[in-house]
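Common to both upcoming complexes is subunit A, partnered first by subunit B, then by subunit C.
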Partner chain A sequence: MSNNPFPLSKEKLLEAYRMMRTIREFEERLHVDFARGDIPGFVHLYAGEEAVATGIMMHLNDRDRIASTHRGHGHCIAKGVDVKEMMAEIYGKATGACRGKGGSMHIANLSKGMMGANGILGAGAPLICGAALAAQKLGHGGVGVSFVGDGGSNQGTFLESLNLASVWNLPAIFVVENNGYAESTSVEWAVAGDSYVDRATGFGMPGVSVDGTDFFAVYEAIGEIVKRAREGGGPSLIECKTVRFHGHFEGDAQTYRGKGELEDIRANKDCIKIFRNRVRDAGVVSDAEFDKIDKAVVALIEEAVVEAKAAPLPKAGELLTDVYVAY
Partner chain B sequence: MARKLSMKDAINEAVDQEMTRDPTVIMMGEDIVGGAGASGEEDAWGGVLGVTKGLYAKHRNQMIDTPLSESAYVGAAIGAAACGLRPIAELMFVDFIGVCLDQVYNQAAKFRYMFGGKAETPLVIRAMCGAGFRAAAQHSQMLTPIFTHIPGLKVVCPSNAYDTKGLLIQSIRDNDPVIFLEHKNLYGHMSDVPEESYTIPFGEANVVREGKHATIVTYGQTVHRSVDAAAALTKDGVECEVIDLRTLSPIDWGTVIESVEKTGRLICVDEANPRCSIATDVSAHVAQEAFKALKGPIMMVTAPHTPVPFSPALEDIYIPTADAIASAVRKSMVR
Partner chain C sequence: MIGPVVGIIANPVSARDIRRVISHAGCLQITDRASIVLRVLAGLAASGVREVVMMPDRSGLRGYLTRAMTRAENAGEARFPELRFLDMKVSGQSADSANAARQMRKMDVAAIIVLGGDGTHRIVVAECGNVPIAGISTGTNNAFPETREPTVTGLAVGLAVTGAVPSAAAFADNKRLEVTINDRHEIALVDVAIVRDRFVGSRAIWKADSFTELFVAFAEPTSIGMSSIVGLLAPVTRSAPYGRRVIFERPETAPFRLCAPIAPGLMQKVGVQRVETIRLHTPMTPAAPAGSLAFDGEREVTFSHEDEVRIILSDAAFRTIDVSACMAHAATKGRFVEADGALSVFNRQLGG
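Moving on, here comes the complex of A and B:
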């Protein structure tokens, strides 16, 4: 075990695995419970993309701010939002992260630096320019990270933010999670130009494209980017090429996908499997150690669901509170 | 010590004093300093009409020019507000809200509610509003009803320099997002303004003129036209009470209802377009809450349901005139 070829300690590798597995279990459980009709509203699952959120968030602290997307559960978990509070929120309960007022698409925890999942695609990018500006003005060394999908990357807000971040030399990081689909529309059709790196260049910032199913590729690339931002080197863009195991939203029959595509990505592009095999094959972590984490994660999510179901609903009076600080 | 100050200078002074008091107060906007990256003089513009002139010299780190990119910088102001700063975003003309409204109404206005009361967004969006400047359809709108409609926003539209300073300082210190609308036709309007810092609370209307026969409820530029109408009506023995709402959200229903209960007549004057406007809002509220006090029909005097025209001949009849207001008061007196 002394020969660890990875850029993380064994303890950190286990932490990364636990994080990815927690996100996966959370999402797969929602998939089942949503189909059963237990969950109100829309949910957009992050399963398949875990290495991106985890690889990035392991470089961040609570002072660093992130702005997420409609597919935000993975970002929330990796940024340290409590999974039980998240589950309760998704069930619309008073004990939820937002006391039942936000739901899946608006989970936030500002004390953890999580500025919200967001129902409006591309809307997080300007907010992160502001978070990065605040970090710059207050001089606390924090960075802002904006997540956007390949779909959201075509929004004006995103493109304007790239320009603004460059002009103001902000400690802002723009992560494009390219899972191949904007809802049902292929990235091949909807994104003009072949390369996000070229887009970054066009806005005067460094850009890099990595295999988002490879935790280590994400981890190492983002490490450099975060370091540069903290040191005043300005914004960057990173594209993480990843896969989406589920539909755009739950209930999406995914008829737009090619034959065998889902089976293929589940078999060959599962970031957790890839991570586990590599780390096990290097002899750093044993299957037994991974299995132990799997078991703990399943128990945690089961507990979260049981507690969420048993939790009280918001009282009627809650309808009218929290609109203003004072009015 | 009070001295005469224009509304434009009152804005400058309010921002100056708040930036001195609190270094987390910043302002961002297009050309609010001016000449960024150009080889000419520093602080070249101070805003398109010179409202922020001189602030950069005193507060270099707090005055931030932006590219022409409202979505990005208004959103950045909102993000910064959620991260410990107290930003003022200058939108220049409120008509430009169309390209960045999502950031205002889906983000800033909803953070606190969506996040279960755990967010504060102390943001001010300053923008010029209103007609009479020959600025045509895309630089002359009021749009006050659009903002007032949205829960989570506060909306301010002062009519004079004194209120402007007090309300702007209140807006900057307020912990909710505030839309601060400055009628461009009033920028040169002078009134007594104390040199020292002061605030005017939101939700407190100003009774500009007392009267017992009819209540005129308005805000912004039409406050002055309503006062003119009231002065003209005294010749007919009609004494109008004129209420300047000052803030549209929150709104001072108490003062409005109390006045209508005294006069029995209501005339709502609004420079915004007529449908779903401040005028319709006030009319509906009074009809519901003080129906028994009414002695005549509620009257509304508003801009027509048209864009703002360019030609002075048309624009002058677009904005509610003192004559139109006086005529509406007379109609309200007919039983």
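Moving on, here comes the complex of A and C:
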């Protein structure tokens, strides 16, 4: 560790890289397979935002609960949901995480503390207030983390949850993943005050803003926020300024983007590229070690797709089973 | 052109980092920032400035300002100067402040009023050349900008740029630290800290066990941030022709220890091996072979033994408006007094 200038051991750095690469490969593969017509329903891809989910989830354990969004694959993978079960779920197969009945926007695994992706904007925040209240009452030191996008943060449910979390001093953490667009509407046109940190202050909790394309910025800041929540310091909000590499949904023509914008963010704001270059340049991990992970991840996702395609569909007689979840 | 034009660069996103969680640093809401600008504008108008140009933003400042100024116009009140915004692409990043300062310099504005913390002022100073600045504290660490009511800063800037106060009293020269990392050039207005971490991360520095070295251009006993360490050991004024360098050591083995407010609300114990005086224009090299360079409290650049790092203290590097001197001059001259007859300033000051 003496020659490692980062706040994580080499093993943890490799784990972070593997996590981000797995999310990226998973999403890029879905992008291709969806365009080919292989996947039912809608998918909203997380590619570009991997440093946020990974930087946050590396501070959490299975007892800590998260509530995700419609763009939830990255949160699921980083929280430990099995990648093959996720792929099967998105393919609508009986071997999926929710027996093929939830699809992309309802993947959940309570044993991992993953309370579900969510098709309703702003709906994760009230769930997390409940999870954080449970953690507070049980006194086990767990925290609840709610994800919301810049658009979803304008929902009343989100703002009501900030209020509730502050009133009850809950170990709740509100993560605003600001990728610049609520579907196709720029944050410049849709957010009064335009500062999520201001909103936190208005509800009596600290808010911070970090560069969500920098894994270390997210990791370092959320570490302090999680510590505060576990120690009884109450709720916090963190805005992660990030980018998404694909449209709001697959098939989105993205006519609302500026000329050259996508090329620019892929070239200059790719969180995985930034992470890899920084860690390699510090001499902690070699390109060969990174390449080995890349290869393993590609093989894993390929296996997940092959197995998902080969898996059976749910039977008609099971139409009404596994639809509701008892918490 | 209707007299001197004053520029305003108001950073809408200063005071947003992790120090709000770590140590209860303040958070100034965007509406408060807009109110500060309006108070500055009122002060400028009262001291004779008719035209102001401002950096555009996409955080809502422009909307709040336009709302207030439209209302004043509708009410027939002449409280504010004419305000227009620079024609520039807004990125929402610190590059906006740099870009705005460059444009204002080209426009030859008479002064730039800066709303931000030490980091924002550093960015503006790097680009504003000989244009004097006046700072208003809206950041986390505010060692460089003074804490003062913005109306008064507006008044003083107006007095300085309209010539109501002689230049010799109105403007002050300042030192700064010039840093080169290979071909890259950076500056710091207050301090350069070397920390062991070799990643920029969340930028703020607060872990005392990572500090290896500190260079300061000035350090006041009332200061906040890294310079407070020197401010409490061996203070240096803003005008003194020298600076200081501190070599840190682990508190357990250091010859002496010091508890200093290295961030708002955060007292940290640091171990000090020695303090040296640094001379102007003398290149220095960090003792540590690798780490990160933090300028005015924020990690900006990482370096290793392969990089060539040089730090130089320079004087007369940029100009500021001496708000206290301007207001003192105005008071002496009865600048804001309206009196019937020929009462002497002396009598007026005594209420006679």
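Couple of notes before you dig in:
Keep in mind that, in the parts below, the second predicted complex is superposed on the first by the 318 of 327 C-alpha atoms of A that agree within 3 Å, B and C clash if a C-alpha of one lies under 4 Å from a C-alpha of the other, contacts with A are read in each partner's own complex, and residues count from 1 in each chain.
Please note the rule applied: contacts are C-beta pairs under 8 Å (C-beta built on N, C-alpha and C of every residue); 3 or more make two chains touch, one makes a residue touch a chain.
Keep in mind that what you see is a predicted model, and the values were worked out from it rather than measured.
Annotation for the three-chain superposition on subunit A: subunit B and subunit C fit side by side. By the touch criterion defined above, A:208 reaches subunit C but does not reach subunit B. When both complexes are overlaid on chain A, the residue A:100 reaches subunit B alone and has no touch with subunit C. Of the two partner chains placed by superposition, only subunit B is touched by A:163; subunit C is not. With both structures placed on the common chain, the touch criterion links A:228 to subunit C but leaves subunit B unconnected.
Number of subunit A residues touched is higher for B, counting subunit B against subunit C.
Once the two complexes are laid over each other on the shared chain, residue contacts for A:175 go to neither subunit B nor subunit C. In the superposed pair of complexes, A:192 makes contact with subunit C only, with no contact to subunit B. When both complexes are overlaid on chain A, the residue A:220 reaches subunit C alone and has no touch with subunit B. Contacts of A:123 after superposition: subunit B is touched, whereas subunit C is not reached.
Legend: residue contacts after superposition of the two complexes on their common chain; A:278 is shown touching subunit C, with no touch to subunit B. Superposed on chain A, the gap between subunit B and subunit C at their nearest CA atoms measures out to 24 angstrom in whole units.
Listed in rising order, the residues of subunit C touching subunit A in the complex are 12-13, 16-18, 20-22, 24, 27, 29-31, 58-60, 196-203, 290-291, 302, 304. Residue ranges on subunit A touching subunit C, taken from their complex, read 5-7, 188, 192-195, 197-198, 200-202, 206-210, 214, 216-217, 219-221, 224-225, 228, 236, 278, 282. Residues of subunit B touching subunit A in their complex: 24, 26, 61, 64, 66-67, 69, 71-85, 87, 99, 102-103, 106-107, 110-120, 151-152, 154, 174-176, 203, 250. Contact residues on subunit A toward subunit B in their complex (touch as defined above): 65, 67, 96-102, 106, 108-111, 115-116, 118-120, 123, 125-131, 133-135, 137-138, 144, 156-157, 160-161, 163-164, 167-168, 321-327.
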